[in-house]
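Presented below are the structures under discussion, each in the form of structure tokens.
Shared between the two complexes below is subunit A, which has subunit B as its partner in the first and subunit C in the second.
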Partner chain A sequence: MMAHRPGWFARISAGVVALYLLLPISIIIPVSMTDQRFLSLPKQGLSLQHYVTVLFSPEWLGSIWQSFLIALAATGLAVVSGTLCAIGCWRLARRSTDLLRALMLLPIIIPSIVYAIGAYRYFAGLDLLDRFLGVALAHGVTGIPYVVITVSTALAAFDPRLEQAARGMGASLSQTLRWVILPRIMPGILSGGIFAFIHSWDELVIVLFIASRDVFTLPRRIWDGINENLDPAMAAVAVLLVVFTTGLLLLDLALRRRRAE
Partner chain B sequence: MSAAGHALALRGLSKRYGSFTAVADVSLEVGQGEFLTLLGPSGSGKTTILMCIAGFVEPSEGAILLDGRDITALPPERRDFGMVFQGYALFPHMTVAENVAFPLRVRKMGAAEREAKVRAALDLVQLAAFAERRPSQLSGGQQQRVALARALVFEPALLLLDEPLSALDKKLRAELQDELKALHRRIGRTFVNVTHDQEEALSLSDRVAILNHGRLIQQGAPAELYEAPRTRFVADFLGKSNFLAGTVQEAFAGGFAIGAGATRVVTAAAAPPALGSRALLSLRPEKMALLAEGETAENTVQGVIAGWSYLGAGYALNVETPDFGTLRVTLPTWNAPIAPREGLAVRLGWRAAASVPVLDDLDQDRAA
Partner chain C sequence: MRRQDAGWWLLILPAFLLMTAFYVAPIAQVLAISFTEPAPGLGNYERLFTSESVQRVIVTTLRICILTTAISLLLGYVLSYRIALAGAAAQRWWILAVLVPLWISVLVRAFAWVTLLRRQGLVNETLIATGIITEPLALVWNEFGIVVGMVHYMVPYAVLPMLASMREIDPRLLAAARGLGASRITIFAKIFLPLSMPGLLAAGVLVFIFSLGFYITPALLGGGKTLMVAEWIGLQILDLLRWGLGTMMATMLVVAILATLAIFARIVDLRRIFGGGGA
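What follows is the complex of A and B.
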């Protein structure tokens, strides 16, 4: 069958939408290479001085490292609890589990500022404010929906007869989980993990509320930089962020392609 | 692998889902080393029974016994039954060898012993050369044989087969039928097979249990079921059959006669029904002959060919009769006494034993 080719209208609209999505991001690339000392487009020539600043500044590097560790811990939390929740709901498959699954999506439905205020109130009592653990917990919990969604999708495509076959051959629940179910849904778990990581990596609102001095993540430092001194180093950091995130998304794409095969 | 068949018994097995009864009071015995087939149309409860035996479905009532021991409450992973699933359910992320090794790995068998057993099982199904392939790289027939090897490698007490050949094309199906039968002979294990394919049931099984609407209608050796169906459903589902309805006119030793219109048909029966009652006879299309001028038979009926088709090995004729409607008759082509043509008047003849009295369970079905 011949594929239906898009007409000129569809092509132009697609191009406009792509530009609309890409332009605001791509503007930071020339800005990051400005030869000026403030946030602006380059005047006389291109310069990489702001990249050098970022890569040799203990503050920026400290924030990058902190963000990375927090994202890693949050991803671990989100992946383990999200996967277990999705598998549990899938196995029980009752109306109540559908409700539970919907409930797990709350963190992406509720505005994060509302969530941040709640977390602030709670964490104050638990002495978790401005702590690595506090931010990792908050990011981990708000990352769960991404994992629940991708793992539930992977499980929907899982042939339940494989589980029956495994049990029929004498496999216990944990053997079935380890040898049959987990390998089959691994692409979904990895996908969810990547999204949970990105979520924590660029999360700002919650951090603004529950962290102040000791925990100073990368998005927080960019935010402060914009408020205080319009340092072009921020643009350089932003470019690095975009490259890193794009890399993660490409990884996700590659994983999905492998699963499709 | 030696003859290590186990005996299975179902006692009054029932399964209800809400107000729907999937299986109603089924009792069955499967002897050591026997090949039993549960045969029925879709929705007859045959797969539910198999799932109860495997342990995936909990019966509402009744018991399942293995060698006299009640296993009804045992979870599937502790029953030690091999199972070939519909669509095979091979693990796509494992190689053929890993698939076959799975039940051994679950039992924590040592690597050396495991390898030897996997090789023996793959040899058994002639797939040793494919050990390192993935299931997706195999044909349907090969996948089916991997599923068999995987189900047999741990020497299960019982082998359960859920429509094992339904996904294959006709020619391959016939080939694998022969293989399955030979395999059963060779290893002497007890097999329980589920199918809706009556040919498969007849050719493979030592015994067939026919189910409809969750009830066991009749069980017995394939020939017994084919030659002496107890009900209209059995006669119709297992092979093809004509049905002659009439009133009992005469009873004699070893048989009775029914009348319909001007025609009288005699049949063999141990216990004839009451005179004047309605009776139904099943008559297989291949058990009738076209009679030549002056030739006689225990039963004869006049008719006209209303339609016919050529089927290679045989002709299928639709013969219009005054008292029994259209009768389906098959004749072997190689010695057919006539060249069929529409409108030709013929005389059909058959032996008394060929028309078998059956219970008319059609009304019962409509009520169910």
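What follows is the complex of A and C.
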């Protein structure tokens, strides 16, 4: 029996939609290599001068480093607490843990602007405004849902009898966790870590409210750049970011494939 | 609670404490402030009925969100249909084409659209150079720019639930209909479309609630003239220091989103929207 394949109309319109998704993102590549001093396509030839500007600018490098450290701390927080929580909910599996899991998903459902203004006020009382710790905490708790989702998906494929067998043979809870459960769900944990990392690395709305001068992350610097001076260095930063994110995404796909095998 | 379960409850504790202390508490405070500042009572909520600027923001937001949702569903459906009917190898490439934009920074995408659409942008320059127009078109820093940028952001989110439900459709059904002489259009209208409806609805709910509270893209592509709810809230808090009004609108935003979810929870399986992993 012949498989039903899309017709010419579906093929062409899907192609147009794919172009709409990908073309604007790809257009920044030639723009970032322009030989002009303003945002434009290259005229006489390609130039890497704007990449040099970015990679030798203490401001850009400082923000990149700061964003990286914050994302690392936030990812650690989200991965540890999110993984343990997903395991606990999976093992107990009752109405109250279903509710808890739903609570953990709130940061995806409630818009960041609502949390951002709340944190602005709440963190002021804790002296956490414009602090590394404040931003890492805010990014960490909002990153928990990504870990809970990926780890729960990994646990759904895990045979609970393995855990019961380990406990039955006298393994303690921490031994069961370390030797039986965690190795089996490691790809899910890594995937959740990657998503939590990208979440913090890209996050802007919360940062706009709870950070001002001392904590000036990469998205914050890009935001100021788009609002104030649209120069080609911005395109170079954008390309570097796209390359970085795509790299992380391909890593995640590779991990998923390994898990599937 | 049985004693041997205590250890498992302990595993949930860190996430629960972190979430309560640093996520739920700040949001609860937002809800509280909307009733207490500047004066205790429902004064801020009265503005919903009396203030013209409050009403204008709500109407603008709803209009842009409905338009964005409709266009994103249409474009996402076309893409999902193509992907669902493609061969296994081609599917992998198509899915990558959807996932890459999904994870690219929203700032980078807004920047790309500004580069393309502004007065001296690539689109206007190309159109002028080819003689199609003489004056640059106003393509960004207005509602048109917001919708173009928001749809671009939302299409991948629309594709994921729709594709998941289209993949549950048995391909033998389509092949059998074809064998029995049904035309492409009949197969689509009588079999494919009804069977993909749950995914379409789930995608609609997802895109709509994500659009409602969207901040970055409307702020960058709207140019401060067309205000949507999120940007308006930010303005009240950061520039005008009107905490009562800002938190009231934030509360309404949360209520609107939870109400949408509650209504559709009866028709759509919410796990289609949020469950089943990030991709």
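The working rule: the second predicted complex is superposed on the first by the 248 of 261 C-alpha atoms of A that agree within 3 Å, B and C clash if a C-alpha of one lies under 4 Å from a C-alpha of the other, contacts with A are read in each partner's own complex, and residues count from 1 in each chain.
In the analysis below, contacts are C-beta pairs under 8 Å (C-beta built on N, C-alpha and C of every residue); 3 or more make two chains touch, one makes a residue touch a chain.
Please read these numbers as outputs of a predicted model, since none were measured by experiment.
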Clash-or-fit label for the pair subunit B, subunit C on subunit A: fit
Subunit B versus subunit C, judged by how many residues of subunit A each one touches: C
First (subunit B), second (subunit C), both or neither touched by A:169: first
Partner chain(s) touched by A:33 [first = subunit B, second = subunit C, both, neither]: neither
First (subunit B), second (subunit C), both or neither touched by A:91: second
Which of subunit B and subunit C A:223 touches, first, second, both or neither: second
Contacts of A:184 with subunit B and subunit C, given as first, second, both or neither: first
Touching partner for A:149 - first (subunit B), second (subunit C), both, neither: second
Partner chain(s) touched by A:159 [first = subunit B, second = subunit C, both, neither]: first
Subunit B and subunit C, minimum CA distance [Å, superposed model]: 8
Doubly contacted residues of subunit A, that is, touched by subunit B and again by subunit C: none
Residue ranges of subunit C touching subunit A (in the complex, touch as defined): 5, 7-12, 14-16, 18-19, 22-30, 33, 75-76, 78-79, 81-83, 85-87, 94, 96-101, 103-116, 118, 122, 152, 155-156, 171-172, 174-179, 184, 187, 209, 212-216, 220, 230, 233-234, 237-238, 243, 246-247, 250, 253-254, 257-258, 261, 274-279
Residue ranges of subunit A in contact with subunit C within the complex: 1-7, 10-11, 13-14, 17-18, 20-22, 24-25, 27-28, 31, 39-41, 77, 80-82, 84-85, 87-89, 91-92, 97, 100, 103-123, 137-138, 140-142, 144, 146, 148-150, 153, 173, 191, 195, 198, 202, 204-205, 208-209, 219, 222-223, 226-227, 230, 234-235, 238, 241-242, 245-246, 248-249, 253, 256
Residues of subunit A that touch subunit B when the two form their complex: 159, 161-162, 164-172, 175, 179-180, 183-184
Complex contacts: residues of subunit B adjacent to subunit A: 54-56, 75-83, 85-87, 89, 91-93, 102-103, 105-107, 150-151, 154
